[in-house]
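Look at the two complexes coming up: chain A is in both, with chain B in one and chain C in the other.
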Partner chain A sequence: MEVGPSLLTRPMAGAGSGSSRQDRLYPPASRRWNDAAAPYLFIAPFLVSFLAFFALPSIYSVVLSFFRYNGYTTEHWVGLNNYRSLLEAPDFHDSVVNTVFYLFVPMLPMLVGAFLLALAVRSKMSNLSPVYRPLIFVPQVMAPVAAALVWRVMLSNNGVLNTALGVHVAWLTDPAALKWGVAMLLVWRGLGWYFIVFLAGLSGVPEDLLEAASVDGASAGRRLWHVIVPLMRPTILFALVIDTIASLQLFTEPNLLVGGAGTTAGAPPSAAPVMNQVVTNVIGGQFGLAAAAGWMVFVAIGCFSLIQFRLFREATQ
Partner chain B sequence: MRATTAGIGGPRWIGARGGVNAILVAVAGLAIYPYLVMLFGGFKSSAELTTNPGGPPSQPTLANFSSLLTGPAGEVMWRSLFNSLVVTIPYTALTVLLCAMAGYAFAKYRFPGRSLIFGFLIASMLVPIEVNIPALYLLFSNVGWLDTYQVQIFPGTASVLGMFMARQYMRGIPDEVLDAARVDGAGHWTTFFRIALPMSAPILGAIAVLTFVYKWSDYLWPAVMVNDPHLQPIMVTLPALSTNASGFIVRYEILLAGALIVTIPLLLLFGRFQKTLTSSTTVGAVRG
Partner chain C sequence: MPANWTPKRLSYKPAKAWFAGGIVAASMLVACNSSSPPTAVDTASANANITALTWGDAKYFNTQFGFYHQDFPNDAKQQTLTVTIGGSNDGEAISKFRLALSSHQNIPDIMEMNYSALPEFASQNQLADISSYTGSYLPGMSNAAKTLMQYNGKYVAIAYEVKAKLWYYRKDMFAAAGIDVTQVKTQQDFIDAGKKLQAKYPKSYMWNLAPNPQAYILGEITSGNGSQVYDKSASKFVVDSNPGIRNAFVAMKDLRNSGVVNTKFDDFTPDWQAALADGTLASVPIASWFATFLPQYAPNLGGKWGVTVWPEIGGAVGGSEAGGSVFVIPAAAKNKAAAAKFLSDMFMTSKGELELFKAQNLVPNVVQAQSDPSVLNNAYYGSDLIKAFQAADKDYKLFPYDPAGIKEISILQNALANYLSSSAADPSAALTAAGQQMTAQIGNPYSQ
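So, the complex of A and B:
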């Protein structure tokens, strides 16, 4: 293999000028440009993906929400009409009611339950704690699609839940029962996640602080309310906000649990979440309505998060 | 029984202890019971699933797996599993690479616009990706990306959470190490690939596991963007699989076998990377 003269001479290029080795490898002018450009080149691929698939579509979807557009004919400016017709549509009302249900009904058993479980595992009352962590977390590992299919079997008319409770509830077909089945699935999948969150938060509560409180005669309840809960404030707020965001974006669980396996029908109006308004309008070619529904989900997330921040600050100060 | 904290003891303590342990055992049992329903059900006949939906199979059968993995349903199943892998692996690799590069720049360089761009990215986490579905659907329909692999591989790779995790970790790499490499003549790229990347292996592994699990399990995105059954991932085809095989009657024993098949890779990952997956729950709670 022939080695060109340039390859041999290049390392020597700056040798005569008495400059450093770095200067020899990178001539000063281009090195300065390299140094200035390097960070931007490192973030460029990320930013391209972010702008193309997130930021610009977000802006476009704001614009879309003010138009009537079916995807191929011309757009018609309709102002706030998309938002108005959503707010007036019974289906949208139902979906909001359902989503509020999915937000608040599972929240109490899931978050309070996870908190108490974390306290129990953390306390010296249990000598098996390392075993519980993975066991309680593992429902989170099952994909929502698989979990919904398994729960369809458990909630069927002759399924284990009816047998265990000694009742005959048509969890998968009775409009009044659909949402409760979904709520059970959500609690089952979510409990372990918040359990780990609270367990991590509890590890930030210093042991000697609790011992000092206990030496001072504080009961277990007072220690919980006056020492543990205030110290856990950021963790509890984090759990509330994450739960709110996840609940308002809910899609897979209700649609696959009560929408019917083997069909693509999706959940009926009595159980459909708000996200269905986005998806069905996209499938139906009503892109303006779909975008408006999407932004209403975002506004709801913003409002609920803000309320939680404020309530929580006041309640614990 | 092991001695506990001084000053507490006696029968009342032991009673409470027994109660707490009983509750924990009950919760753990309820948590894993649906896994047993899935495991047992996958090996039951249709008739047995009806009469015995919750217990172990009295006559275990492999019929469900053979009808899932062979014949017309098998074609869909293998094709969908292949699609899931073809989509999930490049998506994960790309996400890790983009997050590592951007995280490195935010962690180790000072440059004009750094905090502005970073703050903008963090703030964007409040906007759910679903807000973009109508706009992205239109966009992809115009450029012919609906019903493709690329629509499943590229969008979402700019994971702000992943970038944040990488940046937090890389801030811990001592500047001296990177400077030493530079003095030895390594350029920006060489320093990144030869020094920073290997030193960040733990966090990049964590991002990879989390991304893989998320993408493998994702349903909404492919359900909206991919209509062609030949390109759909397993999560989209699975719920309809038994209908393809047997007409109108949904055969849950087959669905349970399918659910078991798609869950096994996730359980293996969980077994191997348990700490990574559980500690990921609190990533967002870390202050930047």
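So, the complex of A and C:
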């Protein structure tokens, strides 16, 4: 079978005629090689950077997780000890519990709140969506560091929240209250992002379908539950997966909010996320432990994402 | 589409070859890189571009280098300084330093670090012995500075901040409450003084210790009471059996339960800053660096805050903030002599240290500079600051850090937070867990 010239090697229309001239200029063997090589040339810039900055370091980090290594001396093989010692460490257990808290507790108010806000802004009742949209999104634009520092003031003993609620909760120091303060910050910051996501998803819901349901006598609640939510399922899945990944990789907010600002101290065990296991081990020169912790987070993200995809696929079917 | 154009299923063989080639090429690059020997050319002083790695802000380094040119023009002749910021905190800068050592690229001539990180690099012979450069300056240095400059008896660092333990207190409130700080010598005296204070000022406290207090507080106690994390001779972690660490844990819990210590806010929080200004905090046992911060938080209380040495808390007599901040010169640095000359002139002479005092209010480590009128008559503290600093110098001690010090502190600090937030009076469970974690995750700190 004769193989046609590639887009790169093909002569321009009218530039020549007959396969003999083509064969002379572009021998079949050369054409075959070019055909095979062309796509790889196109993706080479990505491929090289992907290999250099992601794939190879990732492979290296898997190898590293079986060694004890401080970065500039000799590596010591420790087998699975890094994984075992992490799994046995009380700090690691605490950080996993905290991370699960940061995953599930803010999720409901954030996603449901964002969805309802998107519905409200898109509804015919609202004439001020050009005003609400940027306002709701503003917290997302704010740098996490700035947001955490502002919330640090708001949650202080004499801060806005305690004064407004008339309570005396030590949000920044009481081990029982630390995570709740972080959860409030996460909801406040994430609401705007998921609001935009859901707003985009709602624009894909056909108006005529809603009108038809309305004509058929469906109430607002039934239209929401039986028309909008099923059509929004891919968007909801996207939001869930993104939120899960972000929550499992959480680092900045808890450490800045309840860690020692102005010092190098991170969040205490009762509020530290699992990413602290990676970062503190990097700072401590324990690269093997840091790599092992990183891969455990990666596996957790994979498992959670898989479960979410499966649940939604089953629900869709 | 031309007639002779047919879609073709691409072979994956070239892709495999390219991938393999990429890995080989990358491996060769890495191999070439790592096999390059460090180029340690000591170029004396003239025309040197000194490089420095620090964290936070370059302005202090640059200011000092400006003074270097101004005050020591012959030594600084034609020299330049390039400062690299390794991150927002010391941990990030240390990570950058490790990378530099690993790649043998961009090794700075000067590295700033906290003493807790120093044993890791000193034990691996990564730091230059600076005795030959700084020997002539040593007699003028304070006891604390000389202690801080050494590791295992070898001079490997130049002291920046010794972080001596100082106790700041409100002179006016203490006087009104009838408290004589010279009589507050033990932890019980400290608690009794707090009760006297609260009899006069019911809403005031002697200190603040949050459930997760700053790591430097634990360091301030453990550096003075014989604490030890790892016993090198026995090759094992002794964190669960060392009485010093146990005493420090118990002391902090006892103080939190005494009623004279505020347990609701931590250092460097808005509440803390307000408490220092409004009298809620009438005293703070902390370190010498606090002298720089207090006038910012309580600018109207100049002359009302006094300074003295710590009472014995947790069995600690003297100590430090577990070691201070130092400059080191890597063994593979290119401009060791020029870097050492700059550091010696600016941080080991009276003239240089007084410039530092004017710029940053840091108490000088050179004994002669401590008697300068500008130091003796501090605008905010009067003569209290330097007197207390000199008194603390006599009992200055370092925590016996080993090469895994950073990781050990992190584990120990978490154990303390768990203990303080639990109802247990005995810290055994927390310390045993910490010891097991250190054994599992660090192994032998001296064979990293």
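Please note the rule applied: the second predicted complex is superposed on the first by the 264 of 317 C-alpha atoms of A that agree within 3 Å, B and C clash if a C-alpha of one lies under 4 Å from a C-alpha of the other, contacts with A are read in each partner's own complex, and residues count from 1 in each chain.
The definition used in the following text is that contacts are C-beta pairs under 8 Å (C-beta built on N, C-alpha and C of every residue); 3 or more make two chains touch, one makes a residue touch a chain.
Please read all numbers here as calculations on a predicted model, not as lab measurements.
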Which superposed partner A:Asn158 touches (first chain B, second chain C, both, neither): both
Chain A residues touched by each partner, larger count belonging to chain B or chain C: B
Which superposed partner A:Ala170 touches (first chain B, second chain C, both, neither): second
Contacts of A:Ala36 with chain B and chain C, given as first, second, both or neither: both
Contacts of A:Arg68 with chain B and chain C, given as first, second, both or neither: second
Footprint overlap on chain A, where chain B in one structure and chain C in the other make contact: 35-36, 39-40, 47, 71, 152-153, 156, 158-159, 260-264, 281-283
Chain A - residues contacting chain C, complex: 1-5, 10, 19, 35-37, 39-40, 47-48, 51-52, 56, 68, 70-73, 76, 78, 81-82, 84-86, 88-91, 152-153, 156-159, 170, 172-175, 260-265, 268-270, 272, 280-286, 289
Residue numbers on chain B that touch chain A, as the complex places them: 2, 4-5, 16-17, 20-21, 23-24, 27-28, 30-35, 37-38, 41, 49-51, 53-54, 97-99, 101-102, 104-106, 109, 111, 114, 117, 121, 124, 126-139, 141, 154-158, 160, 163, 182-183, 185, 187-188, 192, 213, 216-217, 219-220, 223-224, 235, 238-240, 242-243, 250, 252, 255-256, 258-259, 262-263, 266-267, 270, 274, 277-279, 281-282, 284-285
Chain A contact footprint on chain C (complex, rising order): 2, 4-6, 8, 10-11, 14-15, 18-19, 22-23, 26, 89-92, 94-95, 98-99, 101-102, 120, 124, 126, 210-212, 214-216, 263-271, 274, 404, 406-407, 410-411, 413-414, 417-418, 421, 433, 436-437, 440-443, 447-448
Footprint of chain B on chain A - complex, ascending: 21-22, 25-26, 34-36, 38-43, 45-47, 49-50, 53-55, 57-58, 60-61, 64, 69, 71, 113, 117, 120-121, 123-128, 131-139, 141-154, 156, 158-160, 163, 188, 191-193, 196-197, 200-201, 211, 234-235, 238, 242, 245, 248-249, 251-252, 256, 260-264, 275, 278-279, 281-283, 287, 290-291, 294-295, 297-298, 301-302, 305
